[in-house]
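The two complexes that follow have subunit A in common; it is paired with subunit B in the first and with subunit C in the second.
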Partner chain A sequence: MKFIESIRNGLDSLLGNYPEVVLYGEDLIDPYGGAFKVTKGLSTKYPDRVWNTPISEAAIIGMSAGMAMCKMKPIVEIMFGDFTSLGVDQLLNHLTKYAWMYNNQVETPVTIRTAMGGRRGYGPTHSQSLEALLSTIPGLSIIAPSHYHDPGRILQQAVLEDSSVKVFSEYKLLYPQELQTPNTVKSGLTLDVSSDVYPIAHLSNCEFDNPEILIISYGGNALLLEQVLLDLLIEYELSAQCALPARIKPFDPLQIQHLISEAQVVLVVEESPKCHGWGAEVVATLSEAGLLSGKNVFRIGSAETPIPSSMAQEEQVLPSAAQIMETISQILV
Partner chain B sequence: MENKYLLPVEDVNDDKATITRLCFNDGDLVSKGDVIYEFETTKALVEVDAEHEGHIFYAVKVSKALKTGQVVCVITNNPNYQFAISNNPQPDASYMLTKKAQAFVEKNNLDLKDLDLSGIVREKDLAALLPNGPIGHEEHILFLSRSRNDVSYLLSNPEFRKLSSEEKIEWYRIQGHEIGENCKIGDGAVLIGNKITLGSNVSIAEGAYIESPEITLNNHVTIGRDTNLVASRLKLGAFTKVGDRVVIDISGGRNTDSSFICGTNCLIASESYVNVCHQVELGDHVALSPRSMIFTHSYWQSILDGYPAQFGPVSFARDSWLGAGAQVLPNVQIGEGAIVMSGSVLAKNVNAYELVGGIPAQVIKENINKKLSPSKKMTQLEELFADFNTHLRQHGFKSRLHSARKICLDDEGSITHLSLSQAYTQEDPNSILLVLEMDETGTSPAGEIYAIQQHRAYGAPSRVGRLLTEFLRRRGIYFISSNYEQAYSLHSSTS
Partner chain C sequence: MNASILYKDIYKIRTFEEKVLELFSLGHLRGTTHTYIGQEANAVGVISNLNSNDFVVSNHRCHGHYIAFKKNLYALLCELMGKSDGVCGGRGGSQHLCDGTFYTNGIQGGILPLAAGLAYGAKFNQTGQIAVVFIGDGTLGEGVVYETLNIASKWELPLLVVVENNQYAQSTPIQLTLAGTISKRFEAFGINATELSSFDVLEISNAAKSIIDRVRESSKPYGLILNTYRFASHSKSSDGRDPAEVESMRKHDCLQITERLLQESQIESIQGIVNDEVEKVVLQALEA
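== the complex of A and B ==
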């Protein structure tokens, strides 16, 4: 099954089984079915609960607050992650505050699905990964699965069981990817996925045998990192493991605690700029937990510039496998 | 014309099948309709017929499991057809070797054809397939093979040490060791090893004792008097000089890396002590001043009583310098061009071009070197050159500065030119070489050449040449002399 199909099935199952679930956003009804076709077919199947909205992210997100307080479970789609900024006031000053301001008499279990990430030549305002920016809002959870997770199942659990306000980030290049299981994973790699509500996927090039390198990342970076793991193996036989938590905020250091002890190099990879980024938070959290002493720690992120439209230039700005390989080989080779 | 026969998909559930019969020998002529091979799926035996005429060559062996789509055989008109030999991977190959594994295959001359490999193959996977099993940790440690006749003879027979240099060298050669030309092994000196390799012009002074399973001393290495070198692997690069009463030992225990590896043009001055419990490595042009000490282990009391213990290698990058009496502790790396002041105790790494000193050593100055442009170097040398002219006159030579880069001098009637020129060596056309050429009129080119940046002097030194090297040494440019090397040639760009 492909990543996009898994999410579509998850939405289908939610709409089919739970009348309180509604799904709306820009251009998502048939025949168009959304800019990335995730919702294709759903408006035909559930015409009264899948809607198009006007082009106003503030309205889309704000409206969900009211519905959630009326015991509905709204799922909204923001066409491009970059546009969530237009709804930030609603997220920052309304949705994430109501439960606290009204003494937990109301809750706002809203799920905001949005497509993030670059490498498609969409230019500076349609290619960003804003997880780190949004993660500074207290009370907002951020979920960013990879194709090593089951995104449809995670989405269902998030909608049904997690009453926080959630941003569900879908990396654009993951949509056509086949979901990977321990049996289908590329030769040379092994996969293990935890059974948590928000599972963490571990990808290893050494069958989890005391990796020298631990790479922490999320979402679509998995595409880059599976290549890095294979390159490290073929070029240098360096043992490395990649930890991909499905929920990146709040970040739970306990999920990777057991992996860190043997690693000499800990690397955090994100597609947004590393300055004040998610990697900084991960490193600080692990460090406070006393897990990083004596290790070589690096963050790799995009350049501190807008993302160019030219794909050749975009390649230069976003983190690359070569960059990661160079960072590691300078320490270990 | 070659026709490839790929293993067909016979059953949708099978992505592999086993070849059960090959019906011809390589090179045999086959006709259309002949059964050429047979394979077995989980459900059936299948015979495959030739669809072409020609010579048949099989890419597989009987009982080999193949993936569907892989080549089984080729029918061609070429009677001498050969499959492209490649241990590695057409994209559709069922396995891929890591770079280390490839190196392992080459080193051990492994034939992978019959091995059942799949996925990514690591060095350890291949090692496990060798008849002797995987190479154990222990076997990486080089041990002196005391059961060898020549080794036990050297260890037990004091008579050997009384032999002359020529007799010793001949004995080593008969035992299969490689000893180059013009080597000298002084009275009482002995080398004990499983494998001893000496280059040319190596000289080992009286009373030296060298013991290591693998001893490699390159051209022009000199070892001083009563020096004791013991390691698991001992390698000294060309022109390296080891002083008198130097000690290298393995106290603290022999480890997989108890080796002493030293680059070219190094100086290990008298009474230095180097412990090689773990590897000590010196890059090129590294100097250890007299009585310097390097430790690769540091402990005495038990860790069970809460005391610290430290083990680890030490390395010096090229052009670094350890001052007299300085001590280096385990796990320390000294960067390129760094200086450790005399008497310091070094417990931390030193970055390139840092000056450190004290107990424990602290950074005193960074970026101590200056990258001079070639023209700046030339200007500096021209000043030295003018001073040298004065120096010559003080020594009674009738010399005169012909130009900024040329001195003419009259040495008891014979006229000699001394010139400073920029040149490019053949071995490294990009590096600018500054040379002093001595040119005696009427005789063939350069009698003596001084490659300043390389610290090399070529040719038998004349009186002027000796004055020159002494003069430059006192001004901060040293030379390592060697006999004239035939291979050396220069292309002067200016004269």
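== the complex of A and C ==
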């Protein structure tokens, strides 16, 4: 099954089983079915609970809180992750404040689904990965599965069981990818997915559990990293493992702890800008937990410039497999 | 609507707010506080027509709306004083109240989507509730107001938007910032609106009653523009308005206007009851 189908099935099952679930956003009804076609078919099947909105990100994000306070379970689709910025006041000063500042008299179990990431030539304002920016909002959870997870199931659990305000980030290039299981991963790689509500996927180029290199990342970066793991094995015979938590905020160091002890190199890879990024938070959290002493620690992320539309130029700005290989080879080879 | 009942709430808000200013000067409150002195007839006139399970969403200047709707002076004062008996356990303070179906927030305009979402929920669940949101004239500068008016109209939400136009936003007179008219803003979105320049709570209440009935029956939004005036300064800072202007508006004091409808003995009895209640609440809150 493809990543996009898994999410669509997850939405279908939520709408089919829970009358309090609604799904709305810009351009998501049939026949169009959403800018990335994730919701195709759903408005035909659930015409009363799947609807189009005006281009009003602040209002549609903000309204979800009122609906949630009326015991509905709203799922808001924001067409491109970049546009969540127009709803940041609602996320920061409203949604994530209500439950706490009203002394837990209300709950706001809201899910904001959005398509993030570059490498599709959309240019500066339609290619960003804003997870790091959004992650600075206290109380906001950020979920960003990869194709090594079961994104539809994670989405269902998030909507039904997680009462926090959540951004569910869907990496654009993952949509057409086949979901990977331990039986289907590329030869040379092994996969292990934890049984947590928000599972961590471990992708490894070796059989044993304590590789020399640990790469911590999330979401669509897995597309780069599967290649990096194979290259490390083939070119340098280095054992490496990639840890991909499905929920990146709050970040739980315990999910990583057992992988880190033998690693000489710890690398955090993200497509958000490296400066003040998610990697900085991960590294600081692991360091405070006493897990990084004596290790070589690096962050890899986007450059401090807008994301160019041209493919050749975009390569220079976003993290690349070559850049990751070079960072590792400078230390270990 | 009975004038003595409305008068009691107006007098209660006035007395409470004056007490708040006094307690603030004595150092019992911190941060800031925006009193409702002068505008009481708006909250009382509108809210007296609501059902207790309707949604009321308000702004930084929310004490009057709270008292008119929920009436719990002790829980409000404790909240303002940061005490755990406050409506939000002291977490919210003056601008961030929640009690049952009453919600406020201190970001101008940002509460409109919340109110529209609540109205959506009421319609979705077919509960018969409506949502009422109070905003000030200055808040009409915020874009999210118009996003929400557009959606509320298009989706036929049972939402009453009350604009309390007290002619000022903090220090800035409306003439400096507002282009066009307030009622045309509603008109542009196909939302019916009524504009009222009145300090008479009965007149406001009567107008509000038919509007609220209409919102409930038609499940359509409506605008109510109340031209009003505040007598106290914006918050705890200095008042830049011409004192002569403020003085000249005192003849429009809704408290006195309502008193003219009552007999001396009624007024005395109501004032006695409310004064006792406020005194008691202040002592209780100071000790809490």
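Keep in mind that, in the parts below, the second predicted complex is superposed on the first by the 331 of 333 C-alpha atoms of A that agree within 3 Å, B and C clash if a C-alpha of one lies under 4 Å from a C-alpha of the other, contacts with A are read in each partner's own complex, and residues count from 1 in each chain.
We adopt the following convention: a residue touches a chain if its C-beta (ideal position, glycine included) is under 8 Å from a C-beta of that chain, and two chains touch if they have at least 3 such contacts.
The structure presented is a predicted model; accordingly, all values stated were derived computationally and were not measured.
Participant: Going by the contact rule set out at the top, does A:Val106 touch subunit B (first), subunit C (second), both, or neither?
Facilitator: Second partner only.
Participant: Taking the superposition on A as described, I'd like to know which of subunit B and subunit C A:Met72 touches: first, second, both or neither.
Facilitator: It touches subunit C, and subunit B stays clear.
Participant: A:Val22 contacts which: subunit B (first), subunit C (second), both, neither?
Facilitator: Second partner only, subunit C.
Participant: Output check: A:Glu237 vs subunit B and subunit C. Expected answer is one of first, second, both, neither. What do you get?
Facilitator: First partner only, subunit B.
Participant: Figure out whether A:Ser187 sits in contact with subunit B (first) or subunit C (second), or with both, or with neither.
Facilitator: In the superposition, A:Ser187 touches subunit B alone.
Participant: For A:Lys97 in the superposed arrangement: first (subunit B), second (subunit C), both or neither?
Facilitator: After superposing on A, A:Lys97 lies in contact with subunit C but is clear of subunit B.
Participant: I want to verify the contact counts: of subunit B and subunit C, which reaches more residues of subunit A?
Facilitator: More residues of subunit A are touched by C.
Participant: In the superposed arrangement, does A:Ser293 touch subunit B (first), subunit C (second), both or neither?
Facilitator: neither
Participant: Which residues would you name on subunit A as touching subunit B in one complex and subunit C in the other?
Facilitator: Touching subunit B in the first complex and subunit C in the second, no residue of subunit A appears in both lists.
Participant: Write out the stretch or stretches of subunit C touching subunit A in their complex.
Facilitator: Listed in rising order, the residues of subunit C that touch subunit A are 55, 87-89, 91-92, 96, 98-99, 103, 105, 107, 110-122, 124-125, 131, 143-144, 147-148, 150-151, 154.
Participant: Applying the document's contact rule, which stretches of subunit A touch subunit B when the two form their complex?
Facilitator: Those residues of subunit A that touch subunit B are 187-188, 230, 233-237.
Participant: Flag every residue of subunit B that touches subunit A in the complex, lowest number first.
Facilitator: Those residues of subunit B that touch subunit A are 96, 98-101, 118-120, 122-123.
Participant: Using the touch definition from the top, list the residues of subunit A that touch subunit C in their complex.
Facilitator: Residue positions touching the partner: 22, 53-54, 56, 58-72, 89-90, 93-94, 97-98, 100-103, 105-106.
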